[in-house]
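Two complexes are shown next, each including chain A; its partner changes from chain B in the first to chain C in the second.
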Partner chain A sequence: MQKKVIKYTVALILLLVVGYNSVYIKKLSEVKAASTVGKFDAAAYAQTFWKEKLTPGLTKANNLPELLTLLKSEKENAFKNYSHALGIGNLRYFLIKGEGKITAINENDISVTLLPDSVGKDVKIATEFVYGNAVRDALGILSINDFSNTMDMNNVSAELNKKIRTEIIPPFRAQAKKGDVVAFTGAIELNQAHLRLDEIEVIPVSLKLVRD
Partner chain B sequence: MRNKLTILLSLLLTLLVVGSCGKKNGGDEPKKIAVIISTLNNPWFVVLAETAAEKARALGYEAKIFDSQNNTALETDHFENAIASGFSAVLFNPTDADGSIVNVLKAKEAGVPVFCMDREVNSPEAATSQILSDSYSGCVTIGKYFVQQMNKKGKYVELLGLVGDNNTWARSKGFHSVVDNYPDLKMVAQQSADFDRNKAMEVLESILQANPDITAVFCGNDAMAMGAYQALVAAGLANKVKVFGFDGAQDVVGSIKEGKIVATGMQYPKVMAQTAATFADEYFKGKRDFPKKMPVAVEMVNQQNVSDYLEVAKN
Partner chain C sequence: MSPKVFVKEEKAQVQTPSLKASALSSSYSQYLVKFQSLIALFILCLIISLLSDKFLTVANGWNVMRQISVNICISVGMTLVVLTAGIDLSVGSVLALCGAITAGLLKFGIELPSQDLFIGFTLLGAVMAGMLTGTLLGTFNGWTITRFKVPPFVATLAVLTIARGLTMLYTKGFPISGLGADFAYIGTGWLLGIPVPVWISGVIVVMAVILTNKTRLGRYIYAIGGNESAARLSGININKVKTTVYAIAGGLAAIGGIIVTSRLDSAQPNAGISYELDAIAAVVIGGTSLSGGRGSILGTVQGAIIIGVLNNGLVLLNVSPFWQQVVKGLVILLAVIIDKANSKSE
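Here is the complex of A and B:
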């Protein structure tokens, strides 16, 4: 009888020890915080890139009317010297600047005629569908080796575009009127194998109304 | 003294013999490049394999194509044979993102660089470089066009590819990164059709019974887009439902021209294959700082620009 008591007591102690060491209780907030440690923070990366690289880099933006002229006369030279892309293929991106007179404020974009008038060229400034890699790649200072995986690169584009959609476009759209002159910087995507200069869409980085 | 000299000479001779045995493709013989492909039962992969081999030969190497027949065990045999036969690099289209890692690691241990084409392995360190279609960005562009074509509202279906394939999710995520910003676009069903035309037809036929009021179908590849279109024709809905694909297959590009399919994403297998062979050449010449993943741009084909892509799709 005594032996049985000892046997059950030892078994119970063992069970308690094993049970105690098998279950861990942690705060959910601690677990969530631990799982994000070391993860790439695309939003923070995009903010730093915008402030420290892109904004100062806008001084290197190509004058859009001059670039369009060069693309017509010396396409290969224009792509070789002024376009950038993190990947390979036909899609390339240019950092641009210009001024234009607003001819229409549409649901998804703003139509402008480039100035001076002698340029005679209409382009669209995207105000709704701001997506893709144009703003991330156009400056040409990022390298694919800066990112450990492609999803990080994609997320940087998404964060830059989100910033444009939420911070750059709304105050401008609220004030812009047909007939106003806008000074803009931004990025454009062009296909070097199938070049179409009649469909230029600017993804804006800065938009400023220039009124007389 | 004479004995010592004899021993020394013998040792030198032995070292020379052992050294020459271990040397791969010594002398003036060109280095050999293995092109190991998941399956040659699909014309898309045949183009990938033949282009890689042609480019390797053009760069002055011997090239041999191995067909893994979608079988990871057979792929393992090909890797073992390639390493044992003295191939100096592998241009690789994996059968399985996880199952193929071990093969790539075997080659790496043997000092043979591996360059993945079109499909990736789920290991950032195994392959020397992975050259892949930028499926995510391609589907961001398609997603944007989808929203424009739908006027930001309506019910739609998404047909996914193989759920275990990384490309399936890269495409789906890229598409949803745009479309999900529009709350009036409602996805009523999201189902896998395994990248297969017949399965896509069956899956959509079944979905249409419960959701005859959809106005669009987004498909993770062109084979499924063609299957979806067939299902819509059979249901008498072909003129009401917009179909979007991905790949740039010749029949879909033709269907875009005819107004049957709205858009697709054009991939470039030849660019991927040629880049992989060029990377191998650069590796032999001493380069080591390759990008772990090199995205290749995917271009959207729609009715406005389809004439630019009719020839591209043929090739």
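Here is the complex of A and C:
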């Protein structure tokens, strides 16, 4: 009996010591106030990036029909000179621009045939599932070292994509009709090792209807 | 010395050469069976080192040891479960949930807005909470198996899904990253020239060896796996032992989860997928019988090292990940066939 009492007393003391060193209690309002100081604001960063870097940088966008021709004839050169990516891997991003005639308005995207007609190439403009890092990385000016951790960096992509989904696509989609001509800029993702030019999807940065 | 024994010895001395050869070959085959995992490991190392000059280096050795330490943690728990003729398919998901809870509590604590209270967790607190979660899930496994007589395969399969779902709910499908240097030390640090995860798995192995060989619980585990009815009739509390074993397996999966999370400095909602298969493979390759009652912790450690070396070797040899899975599957199959053959010969 005495042995049991000693055993349970020791266990209780141990539990109390561990418990005391395991948790601390503070006022939530104080913690929240402290946590906002110096915290990375991905939304603000994305907004500044869009306004001060991406929009002026669109002047460097590659003409999509010309880029596609180059990718067919000189793949290595095209990737080397015009693509960007953070880190290693086969997925690389191109900043592009072009004009196309809308051939179909689908649930998740809009199909366009690139102009001039002689190009005869169909691409899709994403209007529903805007994900990934294409827009963030296509300009090639951001570096991993600009961020203290990968989550902050990924949050910038998420904010840029959110802006495209909520501000760029809805007004365009509301007006776009089959047969319209659209002038677009944006980013595309291509796999250098397994290049497929028949499934190109543009993540739009700007969309402007040019009525035919 | 009794005359009977003397006669036996006399008989032994006049054995024919064919009998002597047969006895010798029988003793050789016994040695082969006993050290089959070590022999397989030696042959594997020899082949890989001949094919890749990067294999037999100190850095790669530590790399392999660090990688297998998580599997060793899980496999030790799995061995105890398999020794009772059970199986635990939930360890991979339990690993993910415990890693997420540890990371979540460490980073975000618990907020109680209605009370304007914030409960923060120190490193010790978060790790303890993670381990407690694993142990509780393991206990739940044991409880459903013993209380409702649900087959272990089904009960732990259910917990596999439950734990994965809870992980997704807790993390909202996103990784929890940026957990601090102190926490990262668990998975990436060095102590006395040896990686910390190797120390952790080493301590677990020593404790498990003592548990299985030197304690009453260890003897009960073997007894239940060998013959459950006989164990029950001899007064062993089967339900208590089984629940304890599943609780230990859950706790060890939690430790694996904490190591993985610390190594990556991030709790991934998809962490630990198919880890249970690697653990079962290590157990089987290490010679533990899936029907229970036969096997050892050290055998499992050898099995885990074989899988680790195999994984590492296949990567160094630039084998496609698809082929890696095929090769691993074949090795497991071979191990089970050899185990069956050994059981028959015994």
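The working rule: the second predicted complex is superposed on the first by the 180 of 212 C-alpha atoms of A that agree within 3 Å, B and C clash if a C-alpha of one lies under 4 Å from a C-alpha of the other, contacts with A are read in each partner's own complex, and residues count from 1 in each chain.
Here, contacts are C-beta pairs under 8 Å (C-beta built on N, C-alpha and C of every residue); 3 or more make two chains touch, one makes a residue touch a chain.
What you are looking at is a predicted structure, and each value in this text was computed from that prediction instead of being measured.
Engineer: Just chain B (first), just chain C (second), both, or neither: which does A:174 touch?
Structural biologist: neither
Engineer: Between chain B (first) and chain C (second), which, if any, makes contact with A:108: first, second, both or neither?
Structural biologist: first
Engineer: Looking at A:90, would you say it contacts chain B, chain C, both, or neither? Reply first, second, both or neither.
Structural biologist: After superposition on chain A, A:90 lies in contact with chain B alone.
Engineer: Between chain B (first) and chain C (second), which, if any, makes contact with A:145: first, second, both or neither?
Structural biologist: first
Engineer: Figure out whether A:5 sits in contact with chain B (first) or chain C (second), or with both, or with neither.
Structural biologist: It touches nothing on chain B or chain C.
Engineer: Does chain C touch more residues of chain A than chain B does, or is it the other way round?
Structural biologist: Greater contact footprint in residues on chain A: B.
Engineer: Given the touch rule stated above, what does A:18 touch, chain B (first), chain C (second), both, or neither?
Structural biologist: second
Engineer: Could you list which residues of chain A make contact with chain B in one structure and with chain C in the other?
Structural biologist: 148-151
Engineer: In the complex, go through chain B and note every residue touching chain A.
Structural biologist: Result: residues 124, 132, 134, 136-137, 140-141, 143-144, 147-148, 170, 174, 177-178, 268, 271, 275, 289, 291-299, 305, 308-309 of chain B touch chain A.
Engineer: Going by the contact rule set out above, which residues of chain A touch chain C in the complex?
Structural biologist: Counting only chain A, the residues touching chain C are 18, 21-31, 148-151.
Engineer: Touching residues of chain C toward chain A in the complex: what are they?
Structural biologist: 109, 111-113, 115-122, 124-126, 128-129, 175, 177-178
Engineer: Name, in rising order, each residue of chain A that touches chain B in their complex.
Structural biologist: 85-91, 108, 129, 131-133, 144-145, 148-151, 153-154, 157-158, 191, 193-194, 196
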